[in-house]
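Same chain, two partners: subunit A is paired with subunit B first, then with subunit C.
On to the complex of A and B.
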C-alpha cells in the first residue's frame, strides 16, 4: 500500500505541477496546449544546469527560467501577434521537444541522455519507503491549496476568471485581460518548469530526449477532467498515475500472457475514458465548441 | 426641440444646479474612418435622471462607453464634477464614481451573485475571503437595493431582469456617483421597466446622477428629468427639461427630417403598395412615440390554416426552454405576433415548427397536412421558411460568398451527390438581390462584407420566394437601423398581402402591436394570453411576466 502511494505520488507530481499551469491558463481563457513543451523544457534545463553547475538549486532555477521565458513567448504570440491559442500552444510544444533535443546534442553530442550528479533532496532512508519523496512532492499539496485559494477565494482569482469567461466584463471593471493572461501564463510557466524538473531531477536524475512522452498532454487532459479546478485537476492527475501504476503491476502479473503494448496503452486509454466521462457529466460540450474569445 | 447649436443649450438643463456632474467638450469618437460621435459638448447636472436618446447608430453607446473610460475618444475631454478624466481609462472613470451598466449585461455567467459583486471592486485584490463571508457581505447590499437574488445563485440561472438588477447592484457596490445605463429597457417587460424606473428614481433621490440611454420616447417621458438627443453622432438637442418636451417634438428631433419623407424613402425602397397610414404608424412605432393599434385588417377566419400546433410540448433544452401544451393556428394572409420575455419558449417554438427538436407530445401541421414526422427539408418543400434569430450565425455563413448563402435554400432539398451549376446559381442570386434592393459589391464577396440591414435582405430574398407558405420571422429587425426596419416590415406586409402566413417573434412590443393581426404571449413555454387589436399594453405586459392582472 505504501509502495502504491509513493509510486503514484512520484508519477503524479510532475503532471500536477504542469496541470496547475494549465488550470491558470484555462481560468484566464487560454487552452494551453504548450504544456508538453514547457514540461520538457523544464526537465531538460533542470538536468543540464545541474550537471553544468553541480547545484540542484541552479537546475531548478534554470528550469523555471526557461519555462517562464517560453510562456512569455506564448503570450506574445497570442496577445500581440493575435495567433490562435491552440495552434500557438501546439507550436510551443514542438519548440520545446525539438529545442531540447537540439540543446542536448549541441552540448553533449549525440548521446540523447544527460545524467545529473545530484537530484532534488528527498526525505532520505530514515523515513523508510516514504524516503523516496522529495521536497517538490511534499510541497505539492500546499502548492495546490495555495493556488486554489488564489483562484477561488480572492478577488484576483475572480478577475482572472472574468478575463477568461467574459473579457468585456473584465474590461468594464477596469481589468486588463491581456495583462491578466500574462500573469497567469508566467505563474503557470514557473509551475510547469518545476513539474518538468521534478520529472527529470526527481527520480532517475536523467534527462533523455522526448522523455515527457505525452505527460504534458495528460496534464492538459487533467485540466479538462478536473473542470479547470486546481483540486479537480490534481485528483485527475493522481487517477492517471494510479492507472499507470496498475498497468506496470499488471505487466508484472501477466508477464508474457498479456501483450506489453496493450498494458502500456492503459493509462492513455484511461485518460480518454476520463475525458469522456467528465464531458458527459458536464453536459457533453466537446472542447472544440468552447468559444475562443478575444480580449 | 430642434437645437440650432449644441452650446446654446448646454446650460438650459443645469441652470442653478451648481457644478456639472458630467461635462464633455468637443467629444469625438472614431472607429477607423467611421465617426461615431462628432464634437459633442454638453454638461449634465448632478442628482437628476438624464435621458440620452436617438436611433441606432446615433452614437449613444459610444458616448456612454467613452464616459466610462472603455473607449478613448479621438478628441475632446470629459470631466466628472469638474475633474478631467484620463481618456480610455476605466479605472480612472471608476475612481471618479462613474459606473456603466451595459445593454447586454457584462457579468460572467458562471459567477454567483456574490462573486459578481466582488470581482469589480477596486482596491486590494489579494485578500482572501470565504464563500460564506462573501455571501454575507453582499446580502445586505442586495437587500438594501431590493434585489431579489440569493447571493449564492449563479448569474446564468437568473431571469434577465434580475441579472440587470444584479448588474446595477454591482455598479453601486463601490462609491458610484454617476450611473450610466445603456438601453436598460431593451430586455425588460413593461412591468420590469416600471420597476427599474422606480429604482432609478430612488437612486436619484439618494444623490446619484443617472444617465440613461433610451430609444423609446414613451420611456423617456416617463423617467427623465432632462432629455438629450443624438443623431448621426451629433448632439441635436439638450439637455432640456423633460417637462418642456412633447413626444412629437422629441420624435422629430430623433428622426431628424420631417416625418413624411423618411417614410416615403422606406416605402419606395420596398416598392410597397401600403397606405400612408401604415408608414406613419411605423415611424411612431419605431421611436415608441405611441403604441399603435393594428387596424381592422383581420382576415376572414375561413382561410386556410398554413400552420397549426396542437398541444405541442417539447423536452427542456439545455437552457431550460421548452414548450408546454401550445396550441397555435396561423392562417393564410395573417401575421401572428409572438410576444414574451426572451427565453420563454420562443426558440423551441421555431425548432418545433422546423422539426429540429422531437416533440414530447402534440402535432404540427403545415398547410393543413400533418408534418410532425417530417424533416426540415421536407417541411421546407412544403413552404416553410425561417428568418432565424441570429442573422450572423444561423442565418448566414459569414465567410461564404453571397451566392452560396443564397443558393443554400435550394441545395438542402437535393441529393448530396447532385451536381450544381455555380454560374446559374450566381445569376439567380444576382436577380434576387436586385429585386430585394440588396446593396453589395459582388456575389463572390463573403456575407460578412454586408451591413446588418443588407445581410437581413439577403436572408429575406432567400426565404421569401414564390413557394413560401409560412414564414417564421424571429427577431427580424433586431439591431437594424430605421430604414432597414421599415423595409422588413414592408416585406412582411407584402407577404401577407400575397396570402402567406407569418409568425413574428419579437421582444419589441411596439413592433408587434404595429404589424400583428393577433398577438400570442408565451410565458414559461405556455400560451399565457391571446390578444386582438387594439392591444392593451398593460394586459400584454402582465401576461409576459405571468401576472394575473
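On to the complex of A and C.
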C-alpha cells in the first residue's frame, strides 16, 4: 500500500504542477495546450543547468526562467497578435520539443540522454519507503491549497475568473483582461517549469529528448476532467498516475500476457475516458465555436 | 481578389516572423543562423535532386493536408492526423500480409482501400465522442496519436514483425515489388496520379457540393446552419471520417510507396506538418498545393541537414513549430478592416 502511494505520488506530482498551470490559464480563459512544451523545457533546463553548475537550485531556477519566458511568448502571440490559442499552444509545444532537442545537441554535441549529478533533495532513508519523496512532492499539497485560496478566496482570483468567463464584465469593473491573463500565464509558467524539473530531476535525474511523452497534454486533460478546479485537477492527475501504476504492476504480475505496448496505452486511454466522463457530466463543447478564417 | 492577396501576404509575413524567431533561437543556441538557413534552403530546394525529394515528401503531406482542410473548415480541430496516418499504414501492411498470392494490382488497391478505411475508423471515435457528448476533440485526437504510435510499435514488433530485421528499429516484412506503387525515390506516376486525384476530389467536395459549402458555413456559424435545417452532427461526422480517410490514404501511400514496409515511428512529423500546411494555405485546397511543396522541401531538408551539413534536424521542427505559433495571428490584417467580433473558445 505504501509502495502504491509513493509510486503514484511520484508519477503524479510533475503532472499536478503542470495541471495547476493549466488551471490558472483556464480560469483566465485560455486553453493552454503549450503545457507539454513548458514541461519539457523545464525538464531539459533543470537537468542541463544542474549538470553544468552542479547546483540543483540553479537547475530549478533555470527551469522556471525558461518556462516563464515561453509563457510570455505565448501571451504575446495570443493576446497581442490575436492568434488562435489552440494552434499557438500546439506551436509552443513544438517549439519546446524541438528547442530542447536542439539545446541538448548544441551543449553536448550528441542526441541522447543527459544525467544530472544531483537531484532534488529527498527525505532520505531515515523515513523508510517514504524516503523517496522529494521536497517538491511534499510541497505539492500546500501548493494546491495555496492556489485554491488564490483562485477562490482573493480579489485577484475572482477577477481572474471574471476575465476568463466574461471579459467585458471584468473590464467594466476596471480589471484589464489582457494583464490578468499575462499574470496567470507567467505564474503558470513558473509552476509548469517546476513540474518539468520534477519529472527529470526528481526521479532518475535524467533528461532525454521527448521524455514528457504527452504528460503535458494529460495535465491539460486533468484540468478539463477536474472542471478547472485545483483540487479536482489534482485528483484527476492522481487518477491518471494510478492507472499508469496499475499497468506497470499488471505487467509485473502477468508478464508476457500483458503486452508492454498496450500497458503503455493505458494512461492515454484513461485520459480519453476522463474527458469523456467530464463531458457527459458537465456538458462538453456543444457547438464548434472556433473561427479561423477571415472574410 | 484583394482579400486573397491580403491572405497570402499575411501568411508570408507571419512565416517570415517565425523565421526571425527561429534565427534568434539558433543564434542563442550557438549555431550561425545564416549558415543554418542556407543549409536548410540548400537541402530543401537547391541541392541535386532536392526537387525530387521535395515531391516525395510533398505528396503524402498534401493528401493528409486536404483532410485537415475538410475538418478545420467544418470547425473541428482534428489534430489526430498523425494517428490516422499510422493507422492507414497499418491497414495497408495488414492487407499486404493478409492477401498472399493475389494478383498484385488487386492487393495494391485493397491495401490502399484498407488503409483509407483504417484512417477513417481512427477518426470516427473522436468524432463520435465530439458529436454525441461534446468531448473535446483536440485532446481525444492528440491522445489517439499516442495510442496509434504504440499500436504501430506493437504491430511491427508482434504480428507483422520481420523476423530477419535488426533489433534497433522494428519493421514489417518488405512489401513485394509488384505491389508497391513507387520505388524508394517515392515519385512515380501512380503516386502523383493519386495525389492529383485526391486534390481534385477534395476541391470539388469543398467548393462545389452541398456538404462542402454547408460544412464551411458550419465552421463559421454553426447556429445559422442548424437553423437553416442542416444536420450539424452529420456534417461533423462526415468531416471527421473524410479527414481520417485522407490521412489513412497518405499512410498507405507511404508504406506502399517510398518506405516499402511498415516501420515503427515512420514520418513522425507528418500530422503536425499537415495541419500547418492547411493553416498556412488558409484552409484552401489550391493553396495547399504550393504550401505542401514548401513544407515537403523542409521535410527533405530535415534528412539532409544532419547527414550533409552536420547540423541538427531539430532545426526543421523548430521552424515548423514557430510557423504554427504565429500563423493564426489576426492582428495585422484587422487594422485594415472594420473591427470584427472575436470568438474565443473558452468564453462560450
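Heads up, the rule we're going with is that the second predicted complex is superposed on the first by the 282 of 295 C-alpha atoms of A that agree within 3 Å, B and C clash if a C-alpha of one lies under 4 Å from a C-alpha of the other, contacts with A are read in each partner's own complex, and residues count from 1 in each chain.
Everything below uses one rule, namely that contacts are C-beta pairs under 8 Å (C-beta built on N, C-alpha and C of every residue); 3 or more make two chains touch, one makes a residue touch a chain.
Being a predicted model, the structure only gives us computed values, none of them experimental.
J.: Name the contact category of A:165: first (subunit B only), second (subunit C only), both, or neither.
T.: Both subunit B and subunit C are touched by A:165.
J.: Classify the contacts of A:259 with the two partner chains as first (subunit B alone), second (subunit C alone), both, or neither.
T.: Touch partner of A:259: subunit C, not subunit B.
J.: Would you sort A:86 into first (subunit B), second (subunit C), both or neither based on which partner it touches?
T.: A:86 sits against subunit C, while subunit B stays out of touch.
J.: As a test of reading the superposition: which chain, subunit B or subunit C, is in touch with more residues of subunit A?
T.: Counted on subunit A, the partner with more touching residues turns out to be C.
J.: Given the touch rule stated above, what does A:103 touch, subunit B (first), subunit C (second), both, or neither?
T.: Touch partner of A:103: subunit C, not subunit B.
J.: Considering only touches as defined above, state whether A:224 meets subunit B (first), subunit C (second), both or neither.
T.: second
J.: Take the contacts of subunit A with subunit B and those with subunit C, and give the residues found in both.
T.: 165-166, 283
J.: How about subunit A: which of its residues touch subunit B in the complex?
T.: 149, 153-156, 158-159, 161-162, 165-166, 168-169, 171-174, 283
J.: Within their complex, state which residues of subunit A touch subunit C.
T.: Those residues of subunit A that touch subunit C are 26, 29-31, 33, 73-74, 77, 80-88, 90-95, 97-99, 101-103, 105-106, 111, 164-167, 213-214, 217, 220-221, 224, 259, 261-262, 264-265, 268-269, 271-272, 275-276, 278-280, 283-295.
J.: Over in the complex, which subunit B residues touch subunit A? Could you list them?
T.: Residues in contact with subunit A: 68-70, 89-91, 94, 100, 102, 106-111, 115, 118-122, 124-131, 318.
J.: Along subunit C, where are the residues that touch subunit A in the complex?
T.: Touching subunit A from subunit C are residues 3, 7, 25-26, 29-31, 72-77, 79, 129-130, 133-136, 138-140, 142-144, 146-147, 150-151, 153-154, 157-158, 218-220, 222-223, 226, 232, 236, 272, 275, 279, 282-283, 312, 314-315, 317-318, 320-334, 337, 340, 342-348.
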